[in-house]
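Going by the order they are written in, the chains are A, B, C and D; count residues from 1 in each one.
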Amino acid sequence: MQENKVIRLKEVELNNPILLVGLPGVGHVGKLVVEHLIEELDGEKIIEIYSPHFPPQVLVNEDSTVKLVNNEIFACKANDIDILILTGDHQSASTEGHYELCDLYLDMAEEFGVSRIYTLGGFPTGQLTHTDDVIGAANNPALIKEMEQHGIDFKENEPGGGIIGASGLLLGLSQFRKMDAMCLMGFTSGYLVDPKSAKFLLGVLSKIIDIDIDVTPLEERAKEMEKIAAQLAEMEQQQQQGQQQFMPDTVSSDEDLRYIG
Amino acid sequence: MQENKVIRLKEVELNNPILLVGLPGVGHVGKLVVEHLIEELDGEKIIEIYSPHFPPQVLVNEDSTVKLVNNEIFACKANDIDILILTGDHQSASTEGHYELCDLYLDMAEEFGVSRIYTLGGFPTGQLTHTDDVIGAANNPALIKEMEQHGIDFKENEPGGGIIGASGLLLGLSQFRKMDAMCLMGFTSGYLVDPKSAKFLLGVLSKIIDIDIDVTPLEERAKEMEKIAAQLAEMEQQQQQGQQQFMPDTVSSDEDLRYIG
Amino acid sequence: MQENKVIRLKEVELNNPILLVGLPGVGHVGKLVVEHLIEELDGEKIIEIYSPHFPPQVLVNEDSTVKLVNNEIFACKANDIDILILTGDHQSASTEGHYELCDLYLDMAEEFGVSRIYTLGGFPTGQLTHTDDVIGAANNPALIKEMEQHGIDFKENEPGGGIIGASGLLLGLSQFRKMDAMCLMGFTSGYLVDPKSAKFLLGVLSKIIDIDIDVTPLEERAKEMEKIAAQLAEMEQQQQQGQQQFMPDTVSSDEDLRYIG
Amino acid sequence: MQENKVIRLKEVELNNPILLVGLPGVGHVGKLVVEHLIEELDGEKIIEIYSPHFPPQVLVNEDSTVKLVNNEIFACKANDIDILILTGDHQSASTEGHYELCDLYLDMAEEFGVSRIYTLGGFPTGQLTHTDDVIGAANNPALIKEMEQHGIDFKENEPGGGIIGASGLLLGLSQFRKMDAMCLMGFTSGYLVDPKSAKFLLGVLSKIIDIDIDVTPLEERAKEMEKIAAQLAEMEQQQQQGQQQFMPDTVSSDEDLRYIG
């Protein structure tokens, strides 16, 4: 496999869909949001993308069968809106692979007549205390004006280090194709998988694209996570007091909380 | 050499062979198993594979001639079963090379009419104490059912981090070719070359593929290894008691115990 | 995007222009110099270069629109001299990409009939105390003689580690095309973005190419920087006295002082 | 420059030359040997090889002109023997580049009718105390027999980690072309550039290929180096006695002793 391999599982007719992108990244915020959406909206997997730019790895399923790491596209409907969702196990392992894969995704977006792209990610604050906040960036000024009416926060030159990976690159590369694209980033510590940030980001997104979503499952995971964050904060305090490090089993044994990206 | 180079040393007629894969990896468990099998079954080397994706390195033989690092395929027979064995000095040094080489191996498997692939590896426990255990993963559910009848342990989503390298990738990529493939992993510390784990894994494998193998040589190497593990455990204890680190010459001078992969 | 992408924004007629190169590097000295020149000389952007060898990243503008990282060429005029300026957000992320991009830049230089190339950079002293000094290197002896008349300092075999990145590679690769090229390096600590070094280097360059430039803005930034360097020196001293490390907010919040290259 | 670039400076007629290879590596032993030979035998540079696999770097000459890093081939004569010498500033920066460049060098060797290749390197002992010793490895048993008559030491499976880089790869890849090639390695600490080891290796090589060489310059450099090694040993001792680390200026200011490879 020296080339990307695209497997089309099903033909679907979509009406000017929007594309939501949630790949592994800071706090896995974007991935958590789209995974939740796929479940709530009964998303149907229509495309699998395999690539030699992904790590040479299979994941093991619940039934002990394996899954070659990939990126996947789902189709779903909410109200009258057609939605495509891109998610996956990994982003490209190489710089050049990032450019190649993002261009492939944009080719597909054009093919489906995508009207707008939303890439979803986390904005690392470096603080364990949570803030309910989302900031945005977009690939054209008209989109920013429109989003400000939805109450999205835009800050000059923030994030200061730019947006790295597919969330940013898709915005940059779609400028060459005159496609509207924006990135929404939920505030997150940057240290842990963050369903709380995902829940808040999903709330914001739901309003923008005008869909109703039950966020209860994300809330439950957020509560679990808060317990762990509290434990970590306590541990940190104890360490500063000269006590030995202790790692609760729940962190390493709970697969959902593990950091994959 | 900008392309892989395949040297066919001998034409052989094989009857629906199985393919065993034991490349360097965790505890060198898989490699130890297939090296032992090649010796016991008088395996005949039929193919050498050289690649610019392997490290730029030659190994020095006993007679001081050199061997360019490669992967090799051996043919052997046990009872009425035809067996192909893939082993080697290294796995690919690059992500993309892994995909390219594994596809090359699957092309060969198809060419030989391989009926099933078993990749062999180690499952790192992080504990120096040994456990006689093997877990498996497979690329289709029917294979898992069949293996459960052989007493193979399958655990939900284990290994949690997936299977990395050729052992995993061959399972993933063979799904595209509808070839049966499974991975058997012997429990091992992850810190040392582990003939004891290899011996146990070989026992399990022998039952599955129904062959008789003398494991005495692996047992002897396992005993040597236990001495070293005991020394290491003692050293570790001494260090915790504030004593100076001491590295026995046997560890660094015994080529067989050295970690290559 | 598997190939470099060159976007020509405007056709310009230039008369044997010189090419100034200021890409991110040691102390960002070269980049600061050419950014200042572009502003003072009302440089007009004529070419954008995008490449899969640049990091997969967008930067966020003041208005929250994004900019895919790139390299850019500006055209400007000072007195009767036509000037091309190459600057950018990053240098290549890979070894091979460096060679590819530098050759692309030299193709463009030939196309525009560039008469001479000046690459601008920093020479790291490892000392926080500043020295007003510039050293040079060139791709032919005649150029060195000419530059000595301008008072440029040339030191045997300095920099001892050679010149790494585009500043050096452009000199090396232009030898194959018989193009005159030299590198001017301002002394700088190597730890901080250094407008003071840039100001001094710009002074030297102005005399060589015979243009008048107002350096006041660089002077102001240099003063800010001196305050920060003084703070850092104080902090260092305090640390040596066993006091806790303290990072002033001004360092991390002032985008202009941040180290990007 | 996306391809290797070979510049032929001069056509020479050679009579079954031998090829000596001394590229940067452990202790720079091989490079020191061939640099000395080029000087003593008035070697003439006949070929320059540039490659995108070398680091993006120019070196600065004594007269402040620059030299794009490369590999070079010299031709010289000693007694009635025609000698080609391959040396250079760097080895390949990538795994794949190593294979590509070594194949290029072997193409050239075939073109010149090279009768035998000697790659020269260092064998790292990890000890600062010097031993006058050389070990060898070869790409066929006949060559080993012949060399044993010259008193070359061959040790089973040594070096245990194989031979990495061009010194090893040229032996491995030349096996496919049925070319005789051997590697001679001088014992060296592995920590410092080692003219003493180079001097001893040169003595051994001279006897094998039957040429007379004045080794006085290497002896002088070896004496300088011994002083530095003594200083380092003393420093090490002082550090163990709890004294502060001190780095003599001579180490960092003497360009010849600097480690480049």
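Keep in mind that, in the parts below, a residue touches a chain if its C-beta (ideal position, glycine included) is under 8 Å from a C-beta of that chain, and two chains touch if they have at least 3 such contacts.
Small disclaimer: the values here were computed from a predicted structure and weren't measured.
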Next item on the list: Identify the chains in contact with chain B as well as chain C, in label order.
Entry: A, D
Item checked: Residue-number overlap at the chain C/chain D interface, same or different (half cut) -> different
Checklist line | Longest centre-to-centre distance from chain B, chain (CA-based) | finding: C
Checklist line | Computed distance of Cα centres, chain D from chain A, in Å | finding: 51
Note to self: Using mean CA coordinates as chain centres, what's the gap between chain B and chain D in Å?
What the structure shows: 36
Next item on the list: Kindly provide every pair of chains that touch.
Entry: A-B, A-C, B-D, C-D
Item checked: Residues on chain C engaged by chain D in the complex (per definition of touch) -> 92, 95-96, 98-100, 102-103, 136-141, 144, 154-160, 162-166, 168-169, 171-173, 175-176, 183
Margin query: For a test of understanding, state which residues of chain A touch chain B in their complex under the given definition.
Written below: 1-2, 5, 52-69, 93-94, 255, 258
